[in-house]
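In what comes next, chain A is part of two complexes: it sits with chain B in the first one and with chain C in the second one.
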Partner chain A sequence: MAERKVGWEPQGQHTIIGKEVQRTDGKQKASGQAKYSNDANPPGTLFAKLLTCPHAHAKLVSLDVEKAKAVKGVKAVQIMAEPGQEIRHEGWPIVAVAAERREYAEDGIRAIIAKFEVLPHFVDEADLKGAEAAEITDGGMPAKLTKSLGTNKKGDVEAALKEARHVHKGYYGVHTITHMCLEPHGSHATWDGDKLNVELSTQNVSGTAGQYVKPLGVDAANVSIHCDFIGGGFGSKFAVDEWDVACAKLAKTTGRPVRLMLDRPTEMQIAGNRPSAFADVTVACDANGKITAWDSHHWGTNGPKGSTVALSVTPYVFDPPNRNRTATGIITHCGPDRAWRAPNHPQACAYTDTALDDLAAKAGIDSLSFFQKNLDLTNLPHIYAPELEIAAKLMDWKAKWHPRGQGAGEGPIKRGVGLALHTWGGGPHQSNVQLKVHPDGTVEISMGSQDIGTGTRTCIAMVAAETFGIPLTSVKVNIGSNKYPQAGPSGGSTTIGGVTGPTRRTSQQALWKIFDLVAVKYNVDLTTLAAKGGKIWSGDKDVCTWKQAASLVGPMALELTGGPVTEEEGLTSKQVGGVQMAEVAVDTETGIVKMVKMVAVQDIGLVVNRLLARSQVYGALIMGIAYSLSEERIMDNKTGKFINANSTDYKLPRIGDIGDLVVEFYEPESEYKRGVIGLGEPPVIAPGAAISNAVANAIGVRVPVLPLTPKRVLESLKKG
Partner chain B sequence: MKSFEYARPETEAEAVAFLGEVESTAILAGGTDLTSLLRAELVTPARVVDLKRIPSLHEVTKVDDGIQIGSLVTLEDLAKHSLLSNYRSLFDVVDGVRAIQVQGSGTLGGDLCHLPNCWYFRSRYGLLAMENGESLPEAGDNRYHAILGNSGPAKFVNASRFAPALIAWGAHVRVIGPAPEQAEWLPLEYFYVTPRSNAQGNTILKPGQLISHVWLPDAGRLASATYEVMQMEGLDWPMASAAATLKLESGIIRQASIVMGHVAPVPWVAQEASRLLIGQPLNEETASVAADTAVTRATPMSMNEYKVQLARTAVKRALLKAADQSPV
Partner chain C sequence: MDRDQATRQGPGFNRRDFLKGSGAAVAATAVTTAVVEQQAAAQQQAAKLVSAAPQAITLNVNGQDHKLTVEPRVTLMAALRDDLNLTGCKDVCDRANCGACTVLIDGKPVYSCTRFAIEVAGQKVVTAESLHTAEKTDLVVEKFCEHDGMQCGFCTPGFVMAVRGFCNAHPKATLDDCRKGLGGNICRCGTYAGVLQAAFDTAQAAN
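Moving on to the complex of A and B:
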């Protein structure tokens, strides 16, 4: 008997896997048939709105909701903050009001009398000295706004700096951004006796039911979480939020279904953000351009907790022999952070690869050669080296790179190119699967997973279709409910490995059971059997159709369950490297930076769906272009407000802003053999540094802080 | 959004009457901004008067000495109208709006009356954004605020996209109300005011009044262009803009009118810069001198010095574009 080994087919031998396959739910999404939490509207649904605190720092002195209860259409009021409570940022929920219509809920909100004692605030995330000097009382006590996040040393930086041929000192930074999910956070809650049914906009279908237990006193087994579609999460939707609990409480009080979705400003103020990071960097190299020392102090904020980018990723990817690093967190009266696509990495890349590029310029070395020379200081030189070659070819780097500010220009428009490197884990999470092969030949797969827009549903179906040799339409995938076998949350690029691994293994096991039945029934050699094109084959002779084979399981479906994938199975792996190159055109009279082209070369092991994988990289590049050029949370120091918390002033790119995007997967056999690795985070890491480096190459000066707005570009040009 | 009455007049007189009957009203034209203002409760009218059913406000007609445009003419219709084909600076604005949704529903009158985008105003601090006697834009984040005409309490910038181009053409507006049959024509330049108080508003419109028409002089052989400095390629507001209308004879400028937008609480007429150009050829050098002159008296605030450069560039590029000499 042929060895029955769990695994993927050799490279190039898959029928569906690795091909460009449209999302199985694409039509539903494009036609509006796909229902999101925000669409849940069964008869009797009440609409809830929040009263939030307009101040950055305040004490809630008194709260009177009686008049709100009497407002026409208002059905219930849920208090979320108590008098005496300290409010630590704008947008803090105070009261939720549920009413027959949204407008009545707004009338109810207006009838609430909430009195605040306004307290001094600090929101300037870049201003370390200001934070150190600020005199803010916190809950009646004087509070220090800065926190040491550690310092550590390797080698002898001082000696290395003395010996170095080139030393560069620079300041770099990246402001806070929000997740800007198209569908805001929120839920729709319905009680059926003791049972709570929630339509939750979540990245964590299997992990959220338990979060209702403590605040509501409901039994975990009585909570159903449902989320078929989600309009973006990016790391901000793993938890049941206090407004979701308030929504469920309002539903309990009224005996009616209640929907509570945050409005856009509140979404931006309180539903998560990516921490800022600013850094003073000293970096040095020898006469050959070999990096010998790194010394940095970085700071920033993640809101009330006062943290910033982790020390461990500094400097990013490169690990010079001599290195000092220090980090300081700033406590601000800004909304709290949440994981944002590749936590820590984009910021660390933005202050590392820019500093290295400045050092290269100082040493008079082409950025590409400089990075190539130093690859031995990285975690994955064998990946980056070929990827740099591929990217340089796709970008035509040799023709386009020029010493800083010396490119041929068309009048005030200057062009430049830049590059950066990144790495990410992307190993699989823990997911279980239930698989049924029905006697009619259809295959049904159930997992308590979710499709956060990446095509998870499609990829699961592809793996099963590949394994059984049947069309995609014969596979039904059930996800989006916690009543299916438990699956991990979708974050950190863990999903694709986490769901395809168990699906492949369990599908193979089911197929082998069917082969056993086929061998007996048709009297064929078991070791020769294969499933392909809707048939079972013995060598090159077809034995029976897939339907005939499936009917052998009897009157009921063949049902198998499978546990999480393990590293030993060889289906999945972790740790990838990517290279990105950017080309920009800078208008030196207006400071406007236009993207000309971006090249992303990425290693992700085995590519499951080439179309969706490429889409994922496009999305990452566009998000990267956003935070590089236009997107930032602007906190007004005077009022403490997130002053651009709206879709007009919070500037996101449109199709005309993104230029030409070129995506190439690095997939030699050596990497293919590692199996499936996640792709969500890696390509969003490098754009900041790559684009900033391209701008520096174009105009001859570094614009130190992202996003590279016309204001910052013109100020840097003026400074020279 | 607070509840309000909805009125739909079918004649100009009826509109004026509807506006005069209640204390607080809002005028609905294309609604591209009013709906946001209502939702945010920045305006809370007792009555919204929808002008869309008034036929006279949708007309573009040839009159003796020029063209008369109804205030409800949409951006899209403006760009398509054969009578307007020689007013290039207006098309530049329509193009710059980019979003077909706004082009299709936004109106000329609505744009002229667009309330400021100042983020303090939009965060409910009032037009002047004063708190405890202190100017918030002055003390806070003024990166998008005024660099000219900002010595008083008003620090916002006028939001109209068309006003610079129209003023550079010498446009007049017809204001009707508040009394029935009351109508007055005045130069658009004088329509805008720099308020000293929140109650004053940023135009001369009093309760019960509205713009019914815009008049443009014959285009003749004049050349024109608008240049808006916009960071994004999609829907975005200019950080600075300039419009120029020029009379060129054998390459020599005989007449020039330059107006800047988004740099002051009102559209900013650059008289001295315009005057300097008379008798000069139009080229990179003369355009640069005019542009420098246009911003000589700029008084940038703590965070917006860069806008001086943007305004300078807008003037230079509008001039070169009007004469088809755009470098970019």
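Moving on to the complex of A and C:
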């Protein structure tokens, strides 16, 4: 420790970091003792439910809540929509009812008389022509349902298409999916005088208190946000929602704690979704398989705002010399979108890497060779090239790949392999830390952060334990409250870099202060000191125990605070690449696609916790399998309703549906040295294209739209 | 099938109607037996009728008796969560599909949203909370931690109970048995890989 420099140890020299370490809160979660907002139930709690609009587009004509107020057990009614108001999607909150029991709240909802004038709607997200032709009025005025989201050009696509050896034209699409957080959106609110205490299911503990100020007239400093555990967010839980405000109002009216969590259908209808995207693509290459031109028009919906996937990520990762791109948003009477794990990327990947794979097939080139030939058109060729080699070995690509539809068959079951690649930023968010070294040797770290499933507590504790050379059990981590130092929201794969960076730096600074005290007390050379195995060492001689060293801080804890990390410190970085390969078995008689195997090779810089990092990738692959094969929001054009807004008909894979998953981190020293980079988003991007490409490889035809349901597979086979 | 609205029981098609009418041979004897059957059915129905008023029941949960007064419509899930504050059984779908509210009733895994609280009075209910106490941590909980069969953790206690019930009934289950036997629970974070290993290890450790 001659040089006092903030940073990580050289690769291979950490004791805890990079190892497989179990979650520090695992037993609490597994035994149901972890308390979520949906579990908050202090004495006196009232249960609130919502009446929502059953129509896609309507005007609320009249509302009578008097009978509801008289229902047994009902304590208060909060009106959330006024007569005359135009309603633009199903599930729109109308009234919240708080009652002594959930059953009474439901009785109260049933007693409300709400009359609607049903207005014409448009919900067919794939139908661009229909949207252009639709005659809909909004607020009494004729409304156009399509919006140009821009167009831009690079090079000369027309000339490139003329010169190209192979030109492929195709149509691709991805339907809307919802977040389907198992813990619905909502909160539990309690007033203590003019102080508001909220148990909020949020990815944004430090950033939500202020959102109560305007609607409630409460002082921001008087709002406490608390969230020890959150049951899924995936990008949909950054804000205080109108039903959270209604919950706080009901708590104020009744003088009682109130809990309002969305029911499952409402959760799916209004609490966020991932926009759809459909694309007409023309792509071309020369005789060597080098991509020379891309031309696309994509469209889709994110609900009332009328947007779809960003133009900037089209085509995805590959940037050919000649490129035209256009996007059109469709306004629909569907629920509004929210950020969904890696916003824009999964859809863009799904219509880019499929089109490229079709071009490769047309050119008669193995998909792997085709992608390899074109890596110079990507942002990270030096990452993708070795990752493709690793993935190909793990998948046994050479043995399994065959020209489309020409695999050795076992009756109607056809096997195939496909690949895709992705990139993501994943730089750290802005987080502050308070660190205390207590005289008894325990270390306490407080951050206004949250654990959305990544293992925030565990990773913070590991970094402190590593730095001080103490067991994980000697580190206490406080997160989940806005009363701790501010930390960024958990979104965009920013958390682990964002919290471990400041923790490492501040831990090192605290340790150096303790070294100063040790050097004086034990008369040892300061420059030789190191902390390991619960002891302070001078070279290979142990000077004192960690506890003895910590006791030197005096009667009160040594307390340090630290601000967000900067990239220059070398603790964190951004921009990763990953490749994935999928193997499927398709039953050409039933159209059922079965996952056989998926391989993910992912660069994430320095791995903090190998067990939890692998979990992130497994989870991303499984979410990817879900939107590739079974999961979609199904809108009924006639009624405008989201007809599978329930857990039964909204198909998610089960434990037997995922095949074998193989996860490999790409971590040569060059990447390790970049420090910690977020991992949540990247591996969820490529599965759509990789799986679709595997199905095309298996059956010889492209099933253009995700998810690849049996119906769509059979339709594509029939079409040939 | 009895299509007469006057004599047909309940608001719609029911299982009993179906059974009565599903065999062609039944028609021949229907005339003589119809009256007797109807009387028996009416008696059966009357015996099943319960008042909508709250009832005092005793629920045996995790070896402890709890006295509760609940309306007959209150589900076991609602009683455990709202009345006993045992929130390890999670409220996710409330329609017998996702498995997050799984508990053991007399040793068998059951979705607690599919039972009324008054139905299980007299039976032994076990919830996830009992698998990790100051005295003892169940192997299933240990294995879920070892293989990281969790992320956000919201489906986890339900999955833990499903695995506990499955492994009790199928000691030495293979990986494939686990894939088939644990399809009753949904996880959104995608923790199936860890759950599968946890279940397999637990089953293999059974005596």
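Brief remarks follow.
By our rule, the second predicted complex is superposed on the first by the 719 of 720 C-alpha atoms of A that agree within 3 Å, B and C clash if a C-alpha of one lies under 4 Å from a C-alpha of the other, contacts with A are read in each partner's own complex, and residues count from 1 in each chain.
Note that in this section a residue touches a chain if its C-beta (ideal position, glycine included) is under 8 Å from a C-beta of that chain, and two chains touch if they have at least 3 such contacts.
Note that the structure is predicted; figures quoted are calculated from it, not measured.
Aligning the shared chain A places chain B and chain C in steric conflict. Of the two partner chains placed around the shared chain by superposition, chain C is the only one that A:181 touches, whereas chain B remains out of contact. Once the two complexes are overlaid on the shared chain, A:656 sits against chain B and chain C alike.
Once chain A of one complex is fitted onto chain A of the other, the partner contacts of A:557 are absent, as it touches neither chain B nor chain C. Of the two partner chains placed around the shared chain by superposition, chain B is the only one that A:714 touches, whereas chain C remains out of contact.
Of the two partner chains, chain B and chain C are each touched by A:103. The wider contact with chain A, measured as residues touched, comes from C rather than the other of chain B and chain C.
When the two structures are aligned on the shared chain, A:453 is found in touch with chain C, with no touch to chain B.
In the superposition on chain A, A:95 makes contact with neither chain B nor chain C.
Contact with chain B, but none with chain C, is seen for A:643 once the two complexes are overlaid on the shared chain.
Within the superposed three-chain model, A:587 lies in touch with chain B and out of touch with chain C [touch as defined at top]. Two complexes overlaid on chain A leave one chain B stretch from 58-66, 76-84, 130-138 or 202-210 clashing with chain C, and it is 202-210. Taken together, the two complexes place residues 103, 646, 648, 653-656 of chain A in contact with chain B and also with chain C. Residues 1-3, 117, 119-120, 122-123, 125, 131, 136, 139-141, 143, 229-237, 239, 303-306, 309-310, 313, 316, 327-328 of chain B are the ones touching chain A in the complex.
Those residues of chain A whose C-beta lies close enough to touch chain C in the complex are 22-23, 25-36, 38-39, 41, 47, 101-103, 180-183, 229-234, 261, 263-264, 452-454, 611-612, 614-616, 618-623, 626, 646-648, 652-656, 658, 661.
Interface of chain C with chain A (complex): residues 71, 73-74, 78, 81-82, 85-95, 97-98, 100, 127-129, 131-132, 137, 140-141, 144-146, 148-157, 160, 178-180, 182-196.
Touching chain B in their complex are the following residues of chain A: 103, 106-107, 410-413, 587, 589-592, 630, 634, 636-639, 641, 643-644, 646, 648-649, 651, 653-657, 709-711, 714-715.
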